[in-house]
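Below you'll find a set of structures to go through.
Consider the two complexes below, in which chain A is the common component and chain B and chain C are the respective partners.
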Partner chain A sequence: MAAVFSPRANVIVTVTIIGAVGVIVGGCLWWFAWPRSDYVRHVGWAIQQPVPFSHQHHVAGLGIDCRFCHSSVEHSAQASLPPTFTCMTCHSQIWTNAALLAEVRNSLADNRPIVWARVTDLPDYVYFNHSIHVSKGVGCENCHGNVARMPLTYKARTLTMQFCLDCHRDPGPNLRPLANVYDMDWHPDGATPHPADLMRAYHIGGRNLTECSICHR
Partner chain B sequence: MMRPAPAIVWIGTVLLLVPAAGCDDMTRQNKQNPYASRETAPADIPSGVVQYGQPGDTSRPIPPVTIALLERGHTEYHVFCAPCHAETGNGRGMIVQRGFPAPPPLATADLMSAPPQRLYDVVTGGWGVMYGFAQRIAPDDRWAVVAYVRALQRSQHMMLADLTPEQRAAP
Partner chain C sequence: MTSLPVIAPDETAQSLTERICAVALREGAPAWTPVWWWLAFGLSLGLLGLGVVAVMWLFYAGLGIWGIDWPVAWGLDILNYVWWIAIASGGTFISALFFLLGVEWRTALNRLAESLTLCAALCAAIFPILHLGRPWFFYWLFPYPNTMGLWAQFRSPLVWDFFAILTYVLASILFWYFGLLPDLATLRDRARGQGRRVFYGVLALGFRGSGRQWQHYRSVYAVMAALMAPLVVSVHSIVGMDFAGSAATGWHSTQFPPFFVFGAALSGFAVVLLALLPLRSLLGLHPYVTERHIDVLGRLLLTSSLCVGYAYVMDAFATFYGPDAADRTMFMLRAFGLYAPVYWGTIVLNIVFPQLLWWQSLRLTQPLVWLIALGVLTGMWLERFQIIVTSLARTQLPSAWGQYTPTIWEWSLLFGTIGLFLTAFLLIVRLMPVIAMAEMRAMLRGMR
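Moving on, here comes the complex of A and B:
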């Protein structure tokens, strides 16, 4: 009697089993891991901008405070991008012929705003408010990373709902004294109040910070 | 030949599509948000907008000088003034060191005798090559800056005789 399976059957079965496992593992990676990857979330990507503005030069090099340009951060939901007028506060006098800044000069001359590309774009159903965070001791760096080390600006954290909730569930360790909110590369030292004391000082904890309506309307 | 589908089939199909209407992308919503689109807010001022806070504007009275006002002034001075005027007010800030025309020192007799409204107006509308800060510093904060500049000026012309005995005894 002839063999039921030909010699090729072993190969076919092996390939089929490996293939099936591969499809399942690959499918899981594609479905679960890929959308959570920094690549898809654009974490660490320097985005093409009309002017290659360097936070490293302006913040670390010159010591300009965040609020000099993002001046509405203390009063408004938006930290705000500076208008051309703000750039020209200094660049009307220095680097006046730099080719790099032609776009800034043209913007002022033509009364036409520079269209910057967004680095972090939250979904429209998220009502993030900058002013409440900086007035309750959350540092710029907590969400935006050490901007003073970015020659070109990129998104340093995922800024996903998970990221927000991690802090909203336990804000204490992420709080700073008000004097250090705009500092970069800040670390708590011996003189820093205990997280629980900071929570009390800022009156955090009276309301459940993980309520849906805190962020969504 | 096919018979036409009964009405129940059509109604069922439409009802099945109703939930799909909720499947729009809520990350982009059609609402007023100055940064929602790639275009930023318009550069042109909409008609009917009334400008305020120009030099000579006395609509904001001088607030009483308190330690809180001075501390606010210190912060605002550090953020907006110190890049050129320097933390001491000597006019040798980092931007001046990089080539910006040096402003006069703040603690000169001229500026010490200038009325507060004059300093407020310069913060608001600028002076010489200095741009105005009306858009960046709120009116009350401008008064805080003026108060802090006054403190800065006095601090650099203090004589021992000006101090009270308690102040002299302080460490």
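Moving on, here comes the complex of A and C:
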């Protein structure tokens, strides 16, 4: 009786086994790395906006405070986007004929808000609250990056649940004195209180910040 | 008892191999697959189709199509899971535990019993996934590095359960398949059609029966048996802890882990009898599965029934000896409340009827044994209904009491898994050697 398989079968089996191991190992690596890539998280992507607003010009160049436009950040869950009137505080006087600002003038004339595109969009099941974060010493920069260096605004952090939890599990090193919350490019120096002192001063630590219901309701 | 032979006296290695290979290869006479097989397979496929529809509709419409709600949030889903995984234990008890004990009657039974284990474990594994509200996230139970920074809750018995079942299913598949290798090689060598030779040849993984291969085979098989025997105890203990770990009245009991192992053994031996008795006639296995085997299985069924009976008695004793009034109320509810027929049905089917097996003449009356085994499987199902539903329906706050009625979709899923079980088992019976030929030959050599 002739053999069922030729000697070549051994080669095929060996290659198949090595290939299967390669696919499994590669698949695990891909599974680990792909969701963390900036591409998937849209980190560094500047989104198309109706008006090419430059945070770099307004924050670094003119020194306007974050709260001038995002006025409810200290009191509300939403930082809020400014109404067209806020833009017009200045732009009714300067660059009144700039083509770049036509959309802003139309918005005022038609009494129709500018439809900005969200750069930082958390899922709807995440109840993020701006006011609690800024009043407990978390800087804007911690999540939004250094917007003073963004000619067009882009997402600076991954904003995965892992990103949130990293801080919620150990908030201390990410806290600043209240006076520096709105500063860009801020780094702790010799005068900065110790993280543990900041935690005490803000009364953080009484409640477990990793409970599900802190963010999900 | 030893007067009953473990194999017919005129059987040889040659006749055994020919008879068993003929079932799988169908190349001699009769060359066709028997009518009963097609009938059974058609029926199984029909049930399986029902199950597929039930699953599809579940995926589309969500858990609302089931009768579960607060306070009874576990219904037929978990019940069927526990029932099936207990059924799966029989093969492992017979195949691994009695391999280690070196009993001679184990050899003719282990292949069939392991196949039953495999099919039942497959059915069991479906339910924990389907019972999740979002079944596509089932892998969240697994501790993998994710961007959510979440990790499995290792203090929960439900996570232990996930690992126990996963380990048990994988180990059962490996044990079954590894034990098949020499027999697959026999089929490859005896098959005449090229397609069959390639089919069994690929599955045999190049087993040629050299001394070195046999040496490795024997050692690995013994190691696997030594791993499987404690595994079957741990997996059912952990299923028991799924309940005992919660604070629900009637569940929070330290006897649950061994109680569930007893129950598993009882259903395991029952399903082996249930499948073995018809197959013995249909496939002509009388020379290898003798009255000795039926006698032994009857004794095992009786023994495990007594163990389960002991657990029922201890449940009542601990309840009335202990200080907890809520436990006593729960016990009275079970025995005399809304679901009282379920309780007494459990007692009669699991404990009373199997007492007939004390007599050898009744142990060898096959239709009676078959009916007792069927009754035990029904009784074990009722027992899980009583444990799961009564405790949940009567929580400690009377304001939160409720009731549970399974819907047509839960029943469809139960019968669908029975279809899956039978389909898989019939395919194994048709395509694989139903008796471990290599081990039987070794046993015959040892006897001569």
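In the analysis below, the second predicted complex is superposed on the first by the 185 of 217 C-alpha atoms of A that agree within 3 Å, B and C clash if a C-alpha of one lies under 4 Å from a C-alpha of the other, contacts with A are read in each partner's own complex, and residues count from 1 in each chain.
Just so we're on the same page, a contact is a pair of C-beta atoms (placed from the backbone, for glycine too) under 8 Å apart; a residue touches a chain by one contact, two chains touch by 3 or more.
For clarity, every value in this text was computed on a predicted model and none was experimentally measured.
*Asks:* Decide which partner touches more residues of chain A, taking chain B and chain C as the two options.
*Replies:* B
*Asks:* Thinking of the overlay built on chain A, is A:90 touched by chain B (first), by chain C (second), by both, or by neither?
*Replies:* Only chain B is touched by A:90; chain C is not.
*Asks:* Is A:81 in contact with chain B, with chain C, with both, or with neither (first, second, both, neither)?
*Replies:* first
*Asks:* Which stretch or stretches of chain B touch chain A in the complex?
*Replies:* 26-29, 31, 33-36, 38-44, 78-80, 83, 94-95, 98-101, 129, 131, 135-138
*Asks:* Taking the complex as given, what residues does chain A use to touch chain C?
*Replies:* 4-5, 13, 31-32, 35-36, 158, 160-162, 164-166
*Asks:* Residues of chain A touching chain B in their complex?
*Replies:* These residues of chain A touch chain B: 62-65, 67-68, 71, 75, 78, 81, 83, 85-86, 88-90, 92-94, 111-118, 123-125.
*Asks:* Which residues of chain C touch chain A once you look at their complex with the stated criterion?
*Replies:* It comes out as residues 144-150, 188, 197-198, 201, 206.
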